[in-house]
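Common to both upcoming complexes is subunit A, partnered first by subunit B, then by subunit C.
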Partner chain A sequence: MKEDIYGIMAEFDTPTQLVDAANKVREAGYTKTDAFSPFPLHEIDEALGIKRSILPLLVFAGGITGLLSGIALQVFVHYIDYPLNVGGRPYLSWPSFVPPAYELTILLAGFTAVFGMLFLNGLPRPYHPVFNVPRFALATREKFFLVIEAADPKYDHDEVRAFMESLDPQEVFDVPE
Partner chain B sequence: MAGGRRGGFAGAETFKCMADLKEIQERVYPPMVEGEHTFATVSDKIGDITLKKKTPYHWFIGFAISFMVAQLLLFAVTVLLARGIGVWGNNQPVGWAFDIINFVWWIGIGHAGTLISAILLLLNQKWRTSINRFAEAMTLFAVACAAMFPLLHTGRPWLAAYWLFPYPNTMGIWPQFRSPLIWDVFAVSTYASISLLFWYVGLIPDLATLRDRAKNKFFKFVYGILSWGWRGSARHWHRYEIAYLLLAGISTPLVLSVHSIVSFDFAVSQIPGWHATIFPPYFVAGAIFAGFAMVLILCIPLRVWYNMKDFITDTHLVYMAKIMLATGLIVVYGYAMEAFFGWYSASEYEWFMVKNRIWEGPYWWSYWLLILCNGLSIQLLWFKRFRESPFWLFLISVVVSVGMWLERFVIIVTSLNRDFLPSSWAMYSPTIFDWSMFIGTIGFFFTLIYLFVRFLPVISIFEVRTLLPEANVHGHQQDFDESVLEVEYTWEKTDPPNE
Partner chain C sequence: MADMSSYQAPADLNRLRTVALGAGGIAFIVWAVGLYLDPEQALLSWLLGFIFWGGIGIGSLGLLILQYLTGGAWGVVIRRIVEAGSRTLPVIVILFVPLAIGVMTHTAYEFTHLPPDDYTIKHRGWFMAPESWVLRSAIYFALFGVMVYLLNKWGGEQDKTTNYEDAERYLGKATAFSGPVMVIYALVVTFSVVDWVMILDPHWFSTMWGLLFVAGWALSCLAFTIALLAYLSERTPMDRVVGRRHFHDLGKLLLALVMVWAYFNFSQFLIIYSGNIPEETGWYITRMSGAWGVIGIMLVLLHFALPYLLLLRQDLKRKAKILATIAIFILVMRLIDMFYLIGPNPRINMHGLEKGAFMLSWMDFVAPVAVGGIWLWYFFGQLMKRPLVPVMDPFLEKAIEHGRGH
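The block that comes next holds the complex of A and B.
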């Protein structure tokens, strides 16, 4: 029975209850936890101890890559591969290379932001054990959920369940694997 | 109730002060969601437009008309591809005409969408929340319409790739990166890609909402695929918000650069009337001006037909009207400066162009129609009566859309039709194929808008949820509001205000 369980889930009515409960969960020493809400909650990051993502660094790297490849492309085309004399202007007329390089910077930074976010989030993932709880459909509508995973080192089914009940939730569920 | 404990005169003063504060707060930050709403009602109300079985009859009528008009595009493009761009009215010296007028007009309309989604997000303007979704959709569709014109102007777009995109082709040649036309390719394709990503990222949580609410198996499956398995995890939201904010951060310089680069198509050339340093800021302001007009044209009927007045409130309309007035005045300043510099340059050709454009030339009427549409009509927005009336706003927006189209007509045709050599002067008039293609893109645009309204959430559901007071955690805002209400109550009982 216990082996087939992904974790224990508690349902809450308001964001404040969720954040309060998440604080208690963190203080109790659980680390493999997650919260689910119908909109972003800034307070939950601190409550669950979520570390700041490395996404901004990736986006910066993406932007720099775009900039450098934009410059490299144009210098290669107009200075190295096919120098073309147009009205005696210099081959390395860098001011006119600015707009394409600028746009490529933005393009690659934007792609990194979106696909980096999806990659770090492990999406797309159409199936996930939390969807096995029928009430969980409300997580995208109005309700707030907290999960302690069975993979948590401190996990013990009965203990966690009792602990979850003590957080004053609407309901507590076992999440089948 | 800190004030209450102090008691006496000071206490009463505090009450009055806080009551005033509340009033000021309401005036400065009017509520962005009206009516009684909870997370559930917001989700249902917006989601039901898509999921409810019955599609309103006016949707079918509107869609049918738009789709019929879009057939003109099919007709125009078929003839164009079969017979070549000679079917258009373009001639010498007016080598650029409807194709570029309509390109700039459409791409300008798109700019308000990005302004609303990116710049207003960075400026923490909460009112953007209920209009950003369809404004972004408008951007995408407008860019799609815009892109058709330069592509088809190449005559054989399937062969155009080698001088538009740098790929190592068998002819061993490259695009000319010193040309503003290539800058345009990069700017517009980046703009289209980033707008699509921004829009789609915003849609993911809402698609998950639709997935979880859909009863129909097929829709559940489709929304399930499109939402990529979004489950609202706190760790996901954390990265999501970072990505969203970063996208806003990079879209802001992007949107400003796109129309600047579009204006370089003109400003980098040496044609009098085009070769002007004022073009980039003046084009960007014009784009936002035209874009907000289109947002108003779309959202005024939308909020009535779908009963969305709780989310797109009168306050939203007033704010948009004010932005339209502000950007419109910048545009009018641009017209004044164009004429002034034509005279001040002391260049014979510049001054001739101004005279030709404004009173001596054959197209003088287009200039004065432009001033009437863009300069005079918006002056009504100074008055509260017009700003607060959806009817007038709609009317002014339509007039402004026409005016912005005329602006591009004036800039392009009146600068070209009388060039340096009088022997090459010629009149320009569009053919039936020019008009079919232009009107066809309008039909195409509204067809896409109708499909979007039917199948996707028109208002960002998850962002509207954050506007509700119950979304605050230990909210200082909420606590403040409650204490103020309490104070007001006590105050009114003890010391009724003088009427």
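The block that comes next holds the complex of A and C.
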């Protein structure tokens, strides 16, 4: 295992080839893998065996937190700290509490969605080894790339390289760290 | 190019059609006995069935207009179902006849019995005359009729085209027509439900009323469509058309409409609560006390909270059977919601009970079955008249492919 290698990258011409290759990579038992495509490929999640993100659960938790804090804020202000008689209504005038509580639900759920997404993706990330391969710039245009990382427990440089060659790629590159 | 005959509706629908007519016919006869015993209650129960099932039919027109406007795969796969739903308008008009007779004979609707010096009669004048009520309803049906006729004409002519350029022209026509007509549709629905339902309590009014039904009927129709699509997706030819992603998309729209329903209802409640004016609050005071109050809380929990939480989950929206179960559950809640809106209103003959007392008649069960059976019988007949997908639509192939994805 060479220390200065991040992984091995294969280049493909079509999304179908990439998905087929990704399926074979998963079946071969590699887990530290990644795929790059100019546009979203929903099949790739399944092909690489990427599990569903926990983001929806975080967003739900964020929403619930917003809801509860919205209610708590208003109950504290209008009922405990500074009870104010508004048109003879009860202090605990819950129907009027609903819109602000709802807005806070949306706000915190929205923040959790955006910042949670960035956090779970490890963003912002100014450096990534895959950019050391000059042809990788084509990933934003017309080429499809698949990487098996050196950190993979099954990784063996020559074996992986031979395996990548067998997937019928356009080209195979070593990715320097 | 798709073959028209290969998208014919499955023959199973014929059996459903017979069952619907049988159940509807028997219920109709039982209801007719009720009409003899207690005409006002029978007509109010009939109104319950009419607003529920007629709402699915008129809501179909709304969804048909909406899917032309937005485009997208979900609209292409349900277009023929909502088209068939909109073409039930003739039977909806026939189902309306008992109500028209009820108003003309002063049998139902309290406003037909108000003394001439009642302030609503004084101020609204001819608007409160039974003749003008029936005439207005005829105008609403005529306006709906024009929309139904034109959209279905273009949809049918698109099937007969032989190339995509012609097919696209008809799609363009329907889309251009749908824009301004969406506004007219919402206005006509507003006017019609003010006349058919809100006027049951002649002294109460709400500016939110029309939107409650624009959204509520779209919700009823979408829930009905999802249940039917799930049934069809297990049979040829729709098993070749609909995929789990279509159900996912329809499930998202269902979630949105459940939320819109809650939003409009709560808006109406909050405005009246904040305004705190006696002539408005009475409507809610009735509906928040006793058995009506229990139904109200049940609606909040089961018409909104439960479907909302279930539909948040992605995996549940993608399984046709589970989504269809949720949709049917929502349909049942829709019926209870309509009962909650219609039931507590003042009546001509209160049977010695106080205004707003809880009343649940056996006819409230029979009449929706009668109306529903007749409506479904006609609906399935319409559905079988055309291929189950718009075979020549330029977006059909893409729409089918969309469903296959992940």
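By definition in this document, the second predicted complex is superposed on the first by the 176 of 177 C-alpha atoms of A that agree within 3 Å, B and C clash if a C-alpha of one lies under 4 Å from a C-alpha of the other, contacts with A are read in each partner's own complex, and residues count from 1 in each chain.
Simple rule for what comes next: a contact is a pair of C-beta atoms (placed from the backbone, for glycine too) under 8 Å apart; a residue touches a chain by one contact, two chains touch by 3 or more.
As the structure is a computational prediction, the values presented were derived from the model and not from experiment.
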Superposition on subunit A - do subunit B and subunit C clash or fit
clash
Touching A:7, do we find subunit B (first), subunit C (second), both, or neither?
neither
Scan A:100 for contacts with subunit B and subunit C and give back first, second, both or neither.
first
Report the partner of subunit A that touches more of its residues: subunit B or subunit C.
B
Examine A:56 and indicate which partner it touches, taking first as subunit B and second as subunit C; both and neither are also allowed.
both
Per the contact definition in the header, classify A:142: touching subunit B only (first), subunit C only (second), both, or neither.
first
Is A:82 touching anything from subunit B or subunit C once the two structures are fitted on A? First, second, both or neither.
first
Just checking: does A:46 make contact with subunit B only, subunit C only, both, or neither of them? Give me first, second, both or neither.
second
So the two structures are superposed on chain A. Out of 73-81, 181-189, 307-315 or 325-333, which stretch of subunit B collides with subunit C?
325-333
In subunit A, both subunit B and subunit C touch residues 42-43, 45, 56, 89, 96, 99
Which residues of subunit C touch subunit A in the complex?
266, 269-270, 273-274, 276, 312, 314, 405-406
Interfacial residue positions of subunit B with respect to subunit A in the complex
38-40, 43-44, 166, 172-178, 180, 182-183, 186-187, 190, 193-194, 197-198, 200-201, 205, 208-209, 211-213, 224-225, 228-243, 246-247, 250-251, 253-254, 257, 261, 264, 462-463, 465-466, 470-474
Given the complex with subunit B, which residues does subunit A contribute to the contact?
14-16, 19, 22, 34-45, 48, 50, 53, 55-56, 59, 63, 73-74, 77-78, 81-82, 84, 86, 89, 93, 96-97, 99-100, 102-104, 106-107, 109-111, 113-114, 116-118, 120-121, 123-128, 130-131, 136-142
Spell out the part of subunit A that touches subunit C in their complex, as residue ranges.
42-43, 45-46, 56, 60, 87-89, 95-96, 98-99
